[in-house]
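Here subunit A shows up in two complexes: once beside subunit B, once beside subunit C.
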Partner chain A sequence: MVRQPQSWAPSLFFPLLLAAVYSSQFSKAVNLPDFPYPDISFLDFILPACVIQGVLFGSTNSATDLAGDIENSFMDRLLSSPVSRPSILVARLASAFVYGLFQATILITIFYIFGADLAGGVPSALALMFITSLLSMAVGSFLIAVALRTGSQEVVNSLFPLIFVFIFISSAFFPVELMEGWYGAIAKWNPLTWVIDWTRGLTVEGFSWANFIKAVGIVTAIAVIGVTIAIGQLKKRLAAAS
Partner chain B sequence: MTNSYTVKGHSFLVGQAFVGRGLMRMRRLPSLMLPTIVMPIFFVVAFSGSFASVVALEGYGTDKAVNWMTAWAVLQGAAFSGLGGGGLTATDIENGFFDRLRTAPINPSVLLTGLVGYSICRAVIPTTAVLIVSFCFLGAEMPGGGLGFIMVYISAIGMAAFMSFFVLGIVFIFKSIKSLAIAQIVMFSTMFLSVGQAPLEAIEGWLNGVAEVNPISHVIRMCRQGFLGEVTWQQTQPGLIAMLCLIAGTAIWARICYRKVDI
Partner chain C sequence: MRNPIEAKELSRTFGDLVAVDGINLSVAKGEVFGFLGPNGAGKSTAVRMLTTLLKPTSGQAWVAGHNVMSSAGAVRKRIGVALQDAAIDPLMTGNELLKLQSVLHGIPKRKARARCGELLETVGLTAAGDRRVGTYSGGMRRRLDLALSLVHEPEVLFLDEPTTGLDPTSRVALWDEVRKLNQEIGTTVFLTTQYLEEADQLAQRIAIIDEGRIVREGSPSVLKNQVGAPTLRVDVWEKDYNAAKATMAHFGEERPARKGRIAIGLNAGTRGITVVLKALEDKSIEVQHVELDEPSLDDVFADATGRRLEGGESA
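Now for the complex of A and B:
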């Protein structure tokens, strides 16, 4: 991260750009009938989504690095050394979590400086940081599985637009209640919508254990699936290498 | 006279060859075109779906979000296409082919025009794709009729041209395919800081002033007018002027940066 700021800077730049633009462009949208939070600013509404967006964009880094290690044969050297095999996966997952925490901290601080209001104060901010970091690890685990399967940085990077799609077809930037037709129906059943809505509850309504547990629960479920697939792919790669 | 005619004829053929080379690359590597087509289609679907209700606010002038967002997605696609000439040049610089081009008896302006011509040809594909999706699947309307469609294509071609010149300048300075990321950041920022997603009446704060002076706002209005009503000269003129100024400015920028390839 210190040596290659170009690898993480865009994942901070784009959420901040979107937050700055949308909070000006759609500031009057809170006046629309059926808008779920008519008493808050649009910046407050999109804050959790922007943090999640930044963290998800950054979640590709850990998997890209792993794919790079496979491409340049560093992984082979690692496997020929007496390194604990699970630690290869655990280290990458931990890296995704820490990286997510770093990004979330910076983003929340910048939003706070620019006037965002976290209704729950410090507990809500800490909850938001924990949930988004866990989400970074959860989504990162799927990408790590792809990196282990393909060993190609290009393939891992090509999945980036998919993250973009998941974010936009959700309640990230606009409430699902105001979406129409099939688009609204898909957004309603997108797991990311549930994570964002429960996290938004924490930052807009104030901290509540119910919202926190629900958000952590769904993210943990995603992580369990992702890590299981990643373990399977690691086993296959180890079997192929031996 | 004959000599002058021959030079002009030669320049035209060279420019045509550059366009042809780019198009051949597109045919051989269709994966290169995939993001250029898929992303603007996704934009029109996502923005029309996500922000379906915002058209109820003042200033949109339509009751369908797709009518507002199609022009935005078309111009995003055209801007992406503008990266094409830059991408091709960056690859040529990295593998050394560009040095051979520079030693050939080619006028640099012809070389630049050929690369921009390739980007313009690329832009027609996502523009058509977005229009097909918007009209066939999302229920877009064009009260401006045939003139409205002409405005869409003129704006897309103009957008691809000046984005292409701009990206070429960046590539000539950094001489690396990685420099396309810088071009993308500038491209995204200028597109978002405009009336692309919301009208000036709906935008509040600092962005209102920025969007008002952003020349891309005029190009977007020119492109969008047919979706909102009749095509008028009052909407077309500022767009054309902004577009031509942007093309002229970025062409000069690309020509100046071309000299930096040697440094």
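Now for the complex of A and C:
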């Protein structure tokens, strides 16, 4: 990983850039009458969303690597060795989790340096790291399923904008309460909005088990669906082969 | 006890295309078996079925004593595989790749370290072991690929076109590695190739595959002799010409030759040459020049398919 900064650096740099842009552009939002957290800075408001966004951008990596392995037939090397078949999937999921953890740690540190304030202190920071890593794995599992299905890096990478769309039509950078029309309606039902709202509860209001469990619950549910699909695709690929 | 490689009516279709069409194989322990065929003949498809990477459409195969379908795991433990075009991460060093491969095969760390060093030495990459694979030449990569397939001391080794695209020197170097391995450790080797010379030089027995079917099988020399007798050409002094011609007629049919030269199809095969020369010597006929032309494996291929392999070799 250290040897390929081009693969992980953008997923750190990009969210930071966006954070800088948003906080200078939208910071007035905090002063709007209906803003749910009148007492905090906009930076504090978008912190969890920025961490989640960074981690989601990075969540494609694991799947892209897997598709690459299939493309260049490293997968064949794996499959012709006695490596257990499920471990191929487990390793990728674990790498998505660890990679998420790595990114979350760096992003939170940077935000802290730039003066963001975590109401919940260390427990909230740890909770945020855990939730985002789990989310990285959950979203990663869908992408891994696509990688297994298509064996094409190009297809996996083409899903990247979709992640963007999910983030934008959510409460990431703007409270759903202030959104209007269809945009608000979709955002309200975007699972990412729930994850972000509960996670934001943890960082803005302070640590609470209720919010933590709700956030972990929804992310776990996403992960269960994704992993189930990925297992199905792995089985399919193995059946076609061996 | 089964032979290290056995296949019975092994077939694989892709849609309408029959890539491998009911092949039967039996490779003995310690043998180097060559699978010779042109582009698209079905060599890789056969190898992928034998190495558990591809499910046969019909038929059965056993490798290292285990069924490739019902006991795929047991097969994988016992085979080494160097696939055609199997990419290796250019950012990793040879040493790191060997260690990774050891992990895949569950070799304990301490043992793996010694083994990796040994293997690098075997394939002549000790000096390059800590360099990134991206900087390796084609020949070095193939040698590393060979080393990778050997980390777990496999009983049966599969090499899919191990020297395609290599220059002649690297090719000969790789042949030497394979020979050494086969002779010193007794590893059974299944090797596919498009090169006549490779099959000829390296394999004790070969099968020629064309359009998914095995069209000839046997040792290269026997196959070549089956196509026809080798041509023996002899030059003698003019005074001995008629006597020599009469003597040589006992050993085979006369064949066209330029003026002053006698040519026959040597019925006894290449080994018959000493008998002919002895017979000439007994008649006090001095031989000035001798040529023996064996039929090539290309002749064997042409005999079996009506086409020539040699033309495709530059690909």
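Operating definition for what follows: the second predicted complex is superposed on the first by the 242 of 242 C-alpha atoms of A that agree within 3 Å, B and C clash if a C-alpha of one lies under 4 Å from a C-alpha of the other, contacts with A are read in each partner's own complex, and residues count from 1 in each chain.
Here, a contact is a pair of C-beta atoms (placed from the backbone, for glycine too) under 8 Å apart; a residue touches a chain by one contact, two chains touch by 3 or more.
Please read all numbers here as calculations on a predicted model, not as lab measurements.
Peer 1: Identify the partner contact of A:Phe168: answer first if only subunit B is touched, second if only subunit C is, both if each is, neither if none is.
Peer 2: Touch status of A:Phe168: first partner only.
Peer 1: In the superposed arrangement, does A:Val204 touch subunit B (first), subunit C (second), both or neither?
Peer 2: neither
Peer 1: Pick one for A:Ala239: touches subunit B only (first), subunit C only (second), both, or neither.
Peer 2: second
Peer 1: Looking at subunit A, which partner touches more of its residues: subunit C or subunit B?
Peer 2: The partner that reaches more residues of subunit A in the superposed model: B.
Peer 1: In the superposed arrangement, does A:Leu178 touch subunit B (first), subunit C (second), both or neither?
Peer 2: The answer is first: A:Leu178 touches subunit B but not subunit C.
Peer 1: Applying the document's definition of touch, where does A:Ala187 land relative to subunit B and subunit C: first, second, both, or neither?
Peer 2: Only subunit B is touched by A:Ala187; subunit C is not.
Peer 1: Which residues, counting only subunit B, touch subunit A once they are in their complex?
Peer 2: So the residues of subunit B touching subunit A come out as 35, 38-39, 42, 45-54, 56-58, 178, 181, 185, 188-189, 192-193, 197-198, 202-208.
Peer 1: Applying the document's contact rule, which stretches of subunit A touch subunit B when the two form their complex?
Peer 2: Answer in residue numbers: 6, 10, 13-14, 17-18, 20-21, 23-29, 31-32, 161, 164-165, 168-169, 173-174, 178-181, 183-184, 187.
Peer 1: With touch defined as at the start, can you tell me which subunit A residues reach subunit C in the complex?
Peer 2: 3-4, 72-74, 76-83, 239-242
Peer 1: Report the residues of subunit C in contact with subunit A in the complex, numbered from low to high.
Peer 2: Going by the criterion above, the answer is residues 48, 51-55, 69, 72-73, 76-77, 79, 81, 83, 85-89, 91, 101, 104-106, 148.
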